[in-house]
Amino acid sequence: MATPIEMPKLSDTMEEGVLSAWLMDEGDQVSAGDILAQVETDKATMDLEAFDEGVLLKKVIDEGDSVPIGQLIAVIGEEGEDISDLLGGEDGDDSAAADAEAATDEAEEEAEDTPDTTEPSADTEEVVEEPSGDGQLRERTPEPVPAGTDAEGRRIKASPLARRIAQEHDVDLARVDGSGPEGRIVRRDVEARIEEGEPAPPPEREERAPEPAPQPTAEAPTYELPDDEAPYASEDISQMRKTIARRLAQSKYSAPHFYLTVDIDVEDAVALREDLNELAEEQGRAKISFNDLITKSCALALKDHPYVNAAYLPDEGEIRKYNRVHMGIAVAIDEGLITPVVRDADRKGLTEIARETRELAERARSRDLEPEEFEGATFTTSNLGMFGIEEFTAIINPPNSAILAIGEIRDTPVVEDGEVVPGKRMKVTLSCDHRVVDGATGAQFLDSVRSYLEEPMNLLL
Amino acid sequence: MADDSLASESASGLNGSSDEGTGFPEDFPHTARLKQAGVTTLDGLRDVDSLEDLKGIGPTYAKEIAEALERYDADESGGTTTEKRSSPLSGDGAAEDEPEGPWTQQSIEIPEGPIEETVSFDTYPAGQFSHDELGFSDDEVVDLLRSMLLQRRFENRCRQMYQRQKISGFLHLYIGQEAVSTGSVSAVDLGDDSIITAYRDHGMGLAMGMTPEECMGELFGKSTGCSKGKGGSMHFFDAEKRMMGGHAIVGAHLPLGAGIAFAHKYRGEDNVCLCFFGDGAMHQGAFREACNLAGIYELPIVFICENNQYAMGTAVDRAFSKPDLFKHGYNFDFPCSLASGMDVFSVNKAVRDHVENYARKGQPSMLEVRTYRYQGHSITDPAEYRAANELDQRKSEDAIARLQQYIVDRGIATDSDIDAIDEEAEQKVVDAIDAADAAPFPDEEAIYDDVYTQEDYPFIA
Amino acid sequence: MATLQFREALRAAMTEEMERDDDIFLIGEEVAEYDGAYKVSKGMLDQFGSRRVIDSPISELGFAGLGIGAAMNGLRPIVEFMTFNFSFVAFDQVINNAPNMQYMSGGQFTVPIVFRGPNGAAGQLGATHSNSTEALYSTFPGLKVVAPSIPDDGKGLLKTAIRDDDPVVFLESELMYGMKDEVSDAEDYTIPIGSARVAREGDDVTIVAHSKSYHIAMDAADELEERGYEAEVIDPRTIKPLDIETIVESVVKTNRLVVIDESNPFASVASEVTHQVQDRAFDYLDAPILRVTAPDTPAPYAPNLMDAYMPGVDETVDKCLQVLYAK
């Protein structure tokens, strides 16, 4: 019976091996102990030894090929034996061989099917990490007062026991004065409140008043543990959350991030946007958001900084610099977030960018995007300015080499000609994949973005 | 004669010179060899013209013997500078050394002149012993071969199973050293005497009669394993066979060996403990402590250094200031000897002599067995630290090949008989693999089993 | 009841057990001819002879390992460390061989052994001779750790430890060996491992303390009583397994807990008690759990520094008043 030879595990950390040299040829007689080939592992070059006798019927992989542990690399058997089962994947007994063969086929197909393309390959669900809106600067939403805080929004300090007693007696902790350190509400404070008589404790809970009879004997314990009170709510992890988790973890772990922040004077850009929108209203065209200005600025800057519009692709052994500029714009939706893509943003006018962005964002929220509408970004922006975030750092949306995190536009005193005057500023932070983008490269790109935004008339050219 | 106890110490070989009939003084070197060569008295020795011409005596021994004779003659003539005290290593025990009380009996009167010691160490080279003189029947010789072949086939398949990821973790193979386990086990009362060894323990377990099924099951991490899948490669145990464990911290099991021997003696049993360890273990303080305790409590233990030439990747002579490892036991007044590990009969004879030495003199002893591991330290070690051709040279002295040749030369069995035995061993191992493959992993609850004997132990959740 | 010193109670335990079972032997430095460095084994050589009461050289790694090997081969050794500071040179044996053997052998070999000797600081001995090892040894599954505070518990628990089929680390104290107290002379007097003792009942605050610290707890409870507070004092007696049920039951009543532990504070027994109580009785706590421990430093020599180093009654009272919101 033919014996499949699979890529062996030759070190404790090995995941795949390179077949560096075949030492025997097809048709050679093999004895147990013969060295068939040499395999380069992550640690050393080791011998691939035969453990069975027979004839080397088939070398499945070539010298230089790298295959994972367990993949079929050769078959030993009797002269003339039919091994198509092993090679063709029919053998239920040895699924490793079948898988290996299938994998090889797939790889070949893939190689054929993948033409030279400047399109980035991306997963079907293209997502980035930060929630975002459509780029419009908005009024901050007033925060609702969450439970456990007082009228001024400060967290109420109370001991766990005091909280429990208060809950059992419907006592509002916000109306209890704490006598403990730093105003902590403790048992005696809640009890004092209850004694004051408002509201009356529910009678059926009286037995659970917090003074159990002292029973320090070795009898079975009679205290109640709060097992029956669910301490959390469970929710299944959605497919989208899984994708977000996987892709962003992969990005953060494999792409060494560094961060560059620049504070941009946006006084002129804000003014320009107002002018343009007045005009747009008159002419019935789409209004332009500030984010659209940023999209356009980045798109133009990317044309001059090809490494920021690039991808580090270790499996292909290359850095891919894209010839076209496709801007991913992170949009928060109920289930998570998604990144619709404005294609060729460098070639589109502001009005076109504004219209397209708004339409994509709306369809993103109604989960109506086609895959090609969220795949293939070459650069991504994420805007949390509308939440009053001054600045933040974003995780790169793989396989991009950078992402721009956009903070709020804020009124701030600035020094101009030695005088403090009111100014409008916006902080943006570029996260860079250091495998592609070096510090100076990133800084130069940011400088270009700043130039466009500080002299926004250039965006109209 | 100087009257002090420091003047001289001596150690003698296992065969000692307590035997008055030899006509040699107690501490005279190489008397066993001299006897073999037909020289039985000092006078006879004085009559020999050229010592080097005697069978079994090389130039080094000849020189040592001549020097000893000269020293002895000088002593006899009254110019003594050395004197031997009654040695615990010869005669019928250490009764004379029994202290009168807890007070010290050591002298601090320092003798004049250099203090000289005369020591001899018995040797057990390959090819010196035949099965009939050791009392083995023809069938028993075939059993020895069967045991050694089973170990080799087992270890070879272990490599394959590691490469197929059926076996994980550390895996240290015994290939090349099979004569040591088989030779030793066949020299003791299996099931009554105790054996403890280090982490390269598969060969010892199999030689002691552990089944390939329970051993392979353990390596596969299955519930059918000898340790129910909770020990792994380095922790084989068999209470019934008195296989007291493979132990994985280098040197840490030597004091255990002393304790096992202690219990034998405490209960008044006639049994011994063979305590195997590698050359590397002798660097640990545990070696010294175990030897010293064994010496002062006169424990029934044989310390057997299985010197396979490398402690992981460090050659024995790079790591020892005194690479004659058998001599280290002399520091504890042990009889010490040196045997070839490439001949199962040499090992067997040596171990028998050491065991018998305890029976006769009630003293622990040390045996160095020189052997060689064909594989690297562990499965992932390509052993690149070896000299070119070193492995081939050692393989030419292979213990299994030697025994096969012996069997054929003596007409005990034919080549085809031997092939059949080999195939049978191979089949046992293949069956063991199938059984291990089919066996279940331990239940998850088993993680809490055998931590404590107390059945209701309250584990922290 | 007889009035015995702590050392006499321990000796009584060993002697009674050795009279009962020939498989038990005592080995350690100076246990035989010298009658024990702290006279715990005084007279035992005369009673049992040198076969069963065995002087060892200064070779802790060696004789600890010898004990484990003997236990694997059916005996029940009592291994005395002159102090547990010296157990560190035998650490591998105590933590790697004794507790793992049963597990690694799939239950084929058990290690019924007692490692005993004094633990913790004992006056101005300097840093190397003042280590507290209870948290350390408690971290290794397979070991049991016992630390009695009074002679009666010492006797009852040591007898149980010797009979236990699991390895037991039995922690005593040089400073308590001379302490005299009532000890049961009931025949076959044993106390189960893993059960705490409620030494004093009270409703206001729970104090958990073992070994020497227990006596600080009792003094602190007296002082608190003078101030009108009733402290409940619990001596866990066994560190591992810990009788957390008894402690939680008390905290549910008092809603406050102070733990005294003369060890250094990080990852100490006090840390573990604190964690388990917040885990099981969070909603019954009216105050943070406070600890009284040695500082996070080596033990000093100078007498004033050593006084400051050791947990004391004043500090304990102070911490209790804090959790009572009475300060």
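Things to note:
Going by the order they are written in, the chains are A, B and C; count residues from 1 in each one.
Note that in this section contacts are C-beta pairs under 8 Å (C-beta built on N, C-alpha and C of every residue); 3 or more make two chains touch, one makes a residue touch a chain.
What you are looking at is a predicted structure, and each value in this text was computed from that prediction instead of being measured.
Chain pairs A-C and A-B differ in how many C-beta pairs they share in contact, with the greater number at A-C. If each chain is reduced to the average of its C-alpha atoms, the one that sits nearest the average of all protein C-alpha atoms is C. For this pair, chain B with chain C, the centres built from the Cα atoms lie 42 Å apart.
With centres taken as mean Cα positions, chain C sits 51 Å from chain A.
Chain A and chain B have Cα centroids lying 60 Å from one another.
Residue positions of chain C touching 2 or more other chains: none. Multi-chain contact residues of chain A (touching two or more other chains): none found.
Listing the residues of chain C that touch chain A in their complex gives 195, 198, 201, 203, 232, 245-246, 248-250, 252-253, 255, 280-287, 325.
Considering their complex, residues 159-164, 179-181, 186-188, 210, 212, 214-218, 221-223, 225-226 of chain A touch chain C. Only residues 156-157, 159-160, 162-165, 169-170, 379-380, 382, 384 of chain B touch chain A when the two sit together in their complex.
Chain B makes touch with chain C in their complex at residues 102, 194, 196, 225-231, 235, 237-239, 244-245, 247, 249, 252-264, 266-267, 285-286, 289-290, 292-293, 296-297, 449-454, 457-458, 460.
Interface residues of chain A facing chain B in the complex, by the touch rule stated above, are 6, 8-12, 32-33, 43-47, 49, 51, 69-70.
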